[in-house]
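Across the two complexes that follow, subunit A remains constant while its partner is subunit B and subsequently subunit C.
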Partner chain A sequence: MAEIGKIRIRIPDAIKKGDVIPVKALITHPMETGMRKDKAGKPIPEHYINDVKVYYGNDLITSMDWTIAVSADPFMTFYVKADKAAPLRIVWKDNKGATFEDTVQINPQ
Partner chain B sequence: MKEIELSRRQFIKTAGATCVALSVVGIIPGIFKPALAAEEKGEDIKDVLKKHFGDRKIETGHVDIKAPIIAENGAVVPLTIISDLPMTPGDYVKKIYVYAEGNLNPYVAGVALTPANGKAELALRIKMRKTSNVRAVVETSKGNLYQAIKSVKVTIGGCGG
Partner chain C sequence: MLGRVSGMLITLLLLSGVLSVIALRESSAEGIQEYTPNISPEEYDKRYKEFYGEATKQMEEEGNPADLVLDDGKALFKKVDGGKGKSCADCHGQNGERLKGAATTYPRYDAGLKGILTLPMQINRCREKNMDAKPWKYGTYDIVAVELFVKSLSNGMPIRISIDGPAKPFYEAGKRMYYTRLGQWNWNCALCHVKYSGHKTRANILSTNRHHADHWPTYRMAWQSTGTIQRRIINDCIKNMRVDKLPEYESEDIRNLEFYLTYKANGLPIQVPGFRF
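Right after this comes the complex of A and B.
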């Protein structure tokens, strides 16, 4: 399996102060439903990200509950109003207690 | 001659009986199918909506779903949910709820937003077990609910083994 927790976050190159910018984020994760079986017929236990939080500077600006019905290697796009120079931090947590996070710096001109 | 005729009748009778028997066999899976379906039946979307919103009125409008009409792979169905509602400190979209009505558990995700998001738009790839409606409900900070529903045809289901 591909390495779990590999993250890519993308924001536009040039950002003007006050722009509403798209943030695209991809994380490698199996998002196992618990309904699948392995080759030996044994059920594969559910293993999925159930909590995502986005911080802009110190503020929690977006928080998500996910279920098993979010696709494997979850990819999302959401928006941020770039009104300050601050880090944007995304934190993913899965049902087995693992935490994955990454940060990009938003520097509006 | 009579004998032959009889045996011919006999043959037709037998053939007829066989046909009836075969069609009964044909019916049997039909009888078993609903039982299986009931066993597999998940939560009904109505119950899920009731759990999330009680008896609150959900209006149509102010939210739109972009989704493929036909999704070849139910394991990866790209959705974009867009609302034209304001995102100002006094009046904003507080949460977007996403449902795939044909899934055993129709609730896919809930996304809580703040005015710092600037606009209420979200793209996510979801799994769909079979052809069904996808539904997005947005809840505003003032407590209003709006929804959009879109049918997505799924060629290969994406939830399990």
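Right after this comes the complex of A and C.
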């Protein structure tokens, strides 16, 4: 039942306006490199996330190109200046065309 | 004459005393030659810190993928299953309140089983008896998730395993297992984890047996998934000894071994889910 694309995004509980906050995001994904073989000796096809985009409100604030070098169940941390009340949306896309996304609301006081 | 008889009696008494002492010593030590650890636990902690730094600890707190397994475990805990239309939460409280601290005494001796009862076995027993549901296969995702959730309710509480009374022979059996040499390499557990603990093996530091049982189920980078202590023992430790036929999950030897190891961790707080390399 281990599923692909389960997401957890964490931001601090209390945010002041203008704070630079850490955003921690975790997603479950096998990140197969395409270089491994299964027990029968057949190569396991590559299956990895290659595109990550982060939106704050309507703005694209960062994007990342990932390769097979990134580990399974990738975890990332980045910093955002919380200057408006808006949703933070992270979108992961893998090489098989699947899209995973999740949103957290940033509400600076 | 009288003096002679009483003298003989005293000798006999003394002899029987000596014999019983020998018998006792043999039954408790079981002919096991124990190793002395070459480093202290403090020295091990120091080396661990030097080698890994805070990396594992940081991942444990911030981005442990096992946290998502924990969520699944909680969902399964509340999910109705089986013929009686019940879920675990129906008896144990919506968030498992009544199971707080329950995991600190597992694995434990069970009179009905006449052996060691581990937490996954108790979960399956509960499913069969009280829920009329099909037992899960040991080592699969669902049962690991529920075990992780139940254990997480006891987080921070010290492990308190009792080896008194009828549990004693199983503790001894576990210890014997720990010191039994196996496989092509002819190793036993204690060789690495008592005699050479703190030394390197490939890219890892050999751990001391004190810390073995306090953080399972754990997310392991090498597995890229979350697993139990038994998976670690069977599919890594025993396999690395090049044992021909690997033991099954929840087989008697492995249960006794888990019991022994958990007793060694007595007093340490439970910290699940763990994160290891």
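Keep in mind that, in the parts below, the second predicted complex is superposed on the first by the 108 of 109 C-alpha atoms of A that agree within 3 Å, B and C clash if a C-alpha of one lies under 4 Å from a C-alpha of the other, contacts with A are read in each partner's own complex, and residues count from 1 in each chain.
The criterion applied here is as follows: contacts are C-beta pairs under 8 Å (C-beta built on N, C-alpha and C of every residue); 3 or more make two chains touch, one makes a residue touch a chain.
Since the structure is predicted, the reported quantities are computational estimates derived from the model, not experimental observations.
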item	value
Contacts of A:K37 with subunit B and subunit C, given as first, second, both or neither	first
Subunit B versus subunit C, judged by how many residues of subunit A each one touches	B
Subunit B versus subunit C as contact partner of A:A72, first or second or both or neither	both
Subunit B versus subunit C as contact partner of A:K6, first or second or both or neither	second
Partner chain(s) touched by A:T62 [first = subunit B, second = subunit C, both, neither]	first
Partner chain(s) touched by A:I90 [first = subunit B, second = subunit C, both, neither]	neither
Partner chain(s) touched by A:V80 [first = subunit B, second = subunit C, both, neither]	first
Contacts of A:I49 with subunit B and subunit C, given as first, second, both or neither	neither
Which of subunit B and subunit C A:T28 touches, first, second, both or neither	second
Contact residues common to both interfaces of subunit A (with subunit B and with subunit C)	71-72, 75, 77
Subunit A - residues contacting subunit B, complex	20-21, 31, 33, 35-37, 56, 59-72, 74-81
Subunit A residues within the subunit C interface of the complex	1-2, 6, 8, 10, 24, 26, 28, 30, 71-73, 75, 77
Subunit A-touching residues of subunit B, taken from the complex the two chains share	75-77, 80, 87, 100, 103, 105, 107-119, 121-128, 158-161
Interfacial residue positions of subunit C with respect to subunit A in the complex	59, 62-63, 65, 67-69, 71-72, 141-142, 145, 219, 221, 224-225
